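Chain IDs A, B and C follow the sequence of writing; residue 1 opens each chain.
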Amino acid sequence: MQSLGIKAIFEGRNFWRLFEGLFVTVEIAFISIIIASLLGVIIGLSRTTKSKPVLIINRIYLELFRVIPTLVWLFIFYFGVTTALNVDISGKVISIIVFSLWGAAEMGDIVRGALQSLPIHQIESGKALGLSYYGLYRYVLVPQAVRRMIPGTINLATRMIKTTSLVVLIGVIEVVKVGQQIIESSRFKFPTASFWVYGFIFMLYFIICYPLSRISKKLETKWNG
Amino acid sequence: MEWLGVNVMDENNNILLNIQDIHKEFDNKEVLKGVSLSLHKGEVLVVLGPSGCGKSTLLRCLNGLEKIKSGDIKFKDKSLIQKNIDWQEVRVKIGMVFQNYDLFPHMTVIENILLGPLKVQKRDKTEANAQAEQLLDKVGLLDRKDAYPRQLSGGQKQRIAIVRALCMNPEIMLFDEVTASLDPEVVREVLDVILGLAKQGMTMVIVTHEMGFAKSVADRIVFMDEGKICETSKPDEFFKSPKTERARQFLNIFQY
Amino acid sequence: MNIDWNFIVSSLPLYEKAVWITLKLAFGGILMSLIIGLLCSVILYFKVKVMGVIVKAYIELSRNTPLLVQIFFLYYGLPKLGLKMSANSCAIIGLSFLGGSYMSEAFRSGIEAVSKSQIESGLSIGLSKFQLARYVIIPQAFSVSLPSLGANCIFLLKETSILGAISILDVMNVTKDLIGMYYKTFESLAMLVVVYLVLLLPLSFLLSWLERKVRYAEFGN
C-alpha cells in the first residue's frame, strides 16, 4: 500500500508541479528579502539617530511585527486591506508585501546591531590614521558591519522561506498547496499519497534551508574566529 | 631548605613526583620534547622560561588537564598514565591554582572553598568549615567569607583560590603564573601567601615571571626552553652564573 | 468608520474559548519542548555516541522545516500509516518537535557560555563530570539560557497561529469564520490583533525585564 503512495509524486506532471510550487515559495522569499534589505538598511541607519520620535516609531514598528504572528499580518492584509481599499490583490503580492515589511523590520534590527557592535577603537584608529568621514565608513566600518550582518541575514532568509509555507492559508499556490492538490486528485489511485507527498515537501524544505544554515554557521565561525 | 640531590639513597622514598621523558603535541607541533624531572617532598620547584617554552603545559599535564603523548608521570610510584586512571582522585592530591583565579561566581567565598571538601571528599561539615575559616584567617580574608567573588579585588580572589585548593589538603600544589593577571600592588600579598606555604613545607611547582620571588622561594630552579629542560640549578647559582647560554639570554631580559 | 461594538461584545465568548484552547496547546507544547530540549542538551554534553548523532540530526531536521508542513504530515500523512491522532495531539507533538530543538539550542548555548577555565577550576578540585555539571555549569548556564528559553516560549505561542490549518478552533479560525459569515472584517481583525497583543506583549516585556536582571547579576551593570 505504501509503496504505491510514493508514485503519486511521480505521476504525470506532479513532480514538476511541486517544483514549480517550490519556485513560487523561493520567489516570494527572495523578492521580499531584497526589498527588506534595502528598506532595512535605511531603517537600521535611522536607528542611530538621536531623534526620539524616530526611535520610538522604529521601536513600535519592530515590536508590532515581532509580537504579532506573521499569519495574522497575512490575514490583516489579505482580508483587511483588500476590503478597506476595495481592491483585489493576489495572495502572492500580499505575501510579498507582508514579508517585505516584516523582513525590513528584522533587517533594520540586524543593521543596527551590526553598527552598534563595531568596536569604538576601530573608529578612533581610523580617525587617528587621518581617514575622512566618508573614508572611515567605506574602508573600516561598512566592510565590518556587512560581515556582522551576514549570519543574521541568512538566518532571516531561512526563517522567511519556512514562513512562506503559511501563504497556502491565504490561497497562494505554492508547494504546500500543490501538494494538497496532488493528494486530492490522487485520492482514489494513491490513498496513502498524503504521507509521501507531505514527507517529500518536508524534505524539499530541508534541502533548501539546511545548506543555508550551514553556510551561515561557517561564515560566522570564519569571521569571528 | 636544602634537599637537593643529597644522599640519593635516602631521597628515593621521598620522591613524590617522577616525570619521565614526557612528550606532548598540540596540532602536530611538539610542545614538550622529552621532559624529565623529579620532585621531592617539601621541595619547591620554580619553572622559568620564555613564553611558549612549555612550562604551563608541563604543569597542566601533571593534573591531567592535558594528556601526554608518551612518557610517564609517577605520583608516589603510581603511574598516572594508565588507561583507567581516576583523575578526580589525583586532583584532590595535586592541587592547582590558575592565572585567572576562576572562583565560581554564583557562590560565596566560603561556598567556593567548601565545595571540594564537602562534595568530593565528603568530609564532615563542621570540620571542613573550621579548616576553611582557619585558612581564610591566615590569608587575612576571614571577614570576606560571605562575599561574592565580584565584590573582591583580583588579589583577594587569587588568595581565596589558593585557600580553595589548600582546603583539599593536597600533597602537591601547582601554581601557574598566578600573579600574571594582577595589578602590581597586589602581587605581593599573593606571593607572601605562597612563601608562607613554602616555609611550612608544602611541596610545590611554581611557574612564574617574578624573578625576585623565584629567587627567595625556590629550592631548585628549572629553566625550560622550547619544550626541553635546559638547566636545573640552585637559585643562587642560576641567577648569578647560569650554566647555559639560553639561560643567560633569558636573564638578560630582566636586567635593564 | 463605524465600529460595530455589539458585534465585538457578542463575539467575545467565542474568542475567549479559542484563547483557552490556544493557551492549553501552547502550554503542552512548551512543557514538552523544555523536556526534550533538556534531554538533548544532556545527551550532547555527555557526548553519548549514537544518541548524539540522532539528536544532532533531529535538531537540523526540525529547525530547517516549517511547522506547518510538520503538522500536516502528522495530521494528514501519518493516519495513512494507521497512526491516527487527534488534532490536539498533533498540535502538541508538532510544537514539541519544533520547540524541543530550539530549547536544546538554548540550553546548549548556556552550557557553552561557561568558560573553559571555570570548568578547569572545577576539575582541579576533583569534581566529577556530573558534579561539575551540577555545581558549576548548570547554575551559570541557566542565567545565560534563560533569555533564549523565554524567547522560545514566546515563539511557540506565536506559532500556535497556524494550528487553525488542522481544524483546531483557535483565534485565527474564529476570525476567519466571523469574516466569512458576517463580513465584519475590521472588527474581527481588530479583535484578533488585540488578542495577540494582550497575550504576547506582557510576556515580551517580562522577557526583557528578565534579560536585564540576568545581565545585571552576571556583570553588575
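Convention: a residue touches a chain if its C-beta (ideal position, glycine included) is under 8 Å from a C-beta of that chain, and two chains touch if they have at least 3 such contacts.
Nothing here was measured: the structure is a model prediction, and the numbers come from that model.
The greatest centre-to-centre gap from chain B, using C-alpha centroids, is found for A.
Taking the mean of all protein C-alpha atoms as the reference point, the chain centroid lying nearest to it belongs to C.
Top contact pair of chains, counted by C-beta pairs, is A-C. Chain B and chain C have CA centres that are 48 Å apart.
If you average the Cα atoms of chain A and of chain B, the two centres end up 55 Å apart. Spacing of chain A relative to chain C, judged by their CA centroids, is 20 angstrom. Residues 60-61, 63-70, 72-73, 76-81, 158-159, 161-162, 164-165, 172, 175-176, 179, 185-186, 189, 192-193, 196-197, 200-201, 204 of chain C touch chain A in their complex. By the touch rule above, chain C contacts chain B in their complex via residues 115, 117-118, 120-128, 131, 135-136, 139-140, 218, 220. Interface of chain A with chain C (complex): residues 2, 5, 63, 66-72, 75-76, 79-80, 83-84, 158, 162-163, 165-166, 168-169, 176, 183, 191-199, 201-202, 205-206, 209-210, 213. Here chain B touches chain C in the complex through residues 63-65, 87-89, 91-92, 95-96, 98, 100, 102-106, 115-116, 119-121, 150, 161, 164-165, 168, going by the rule given at the top.
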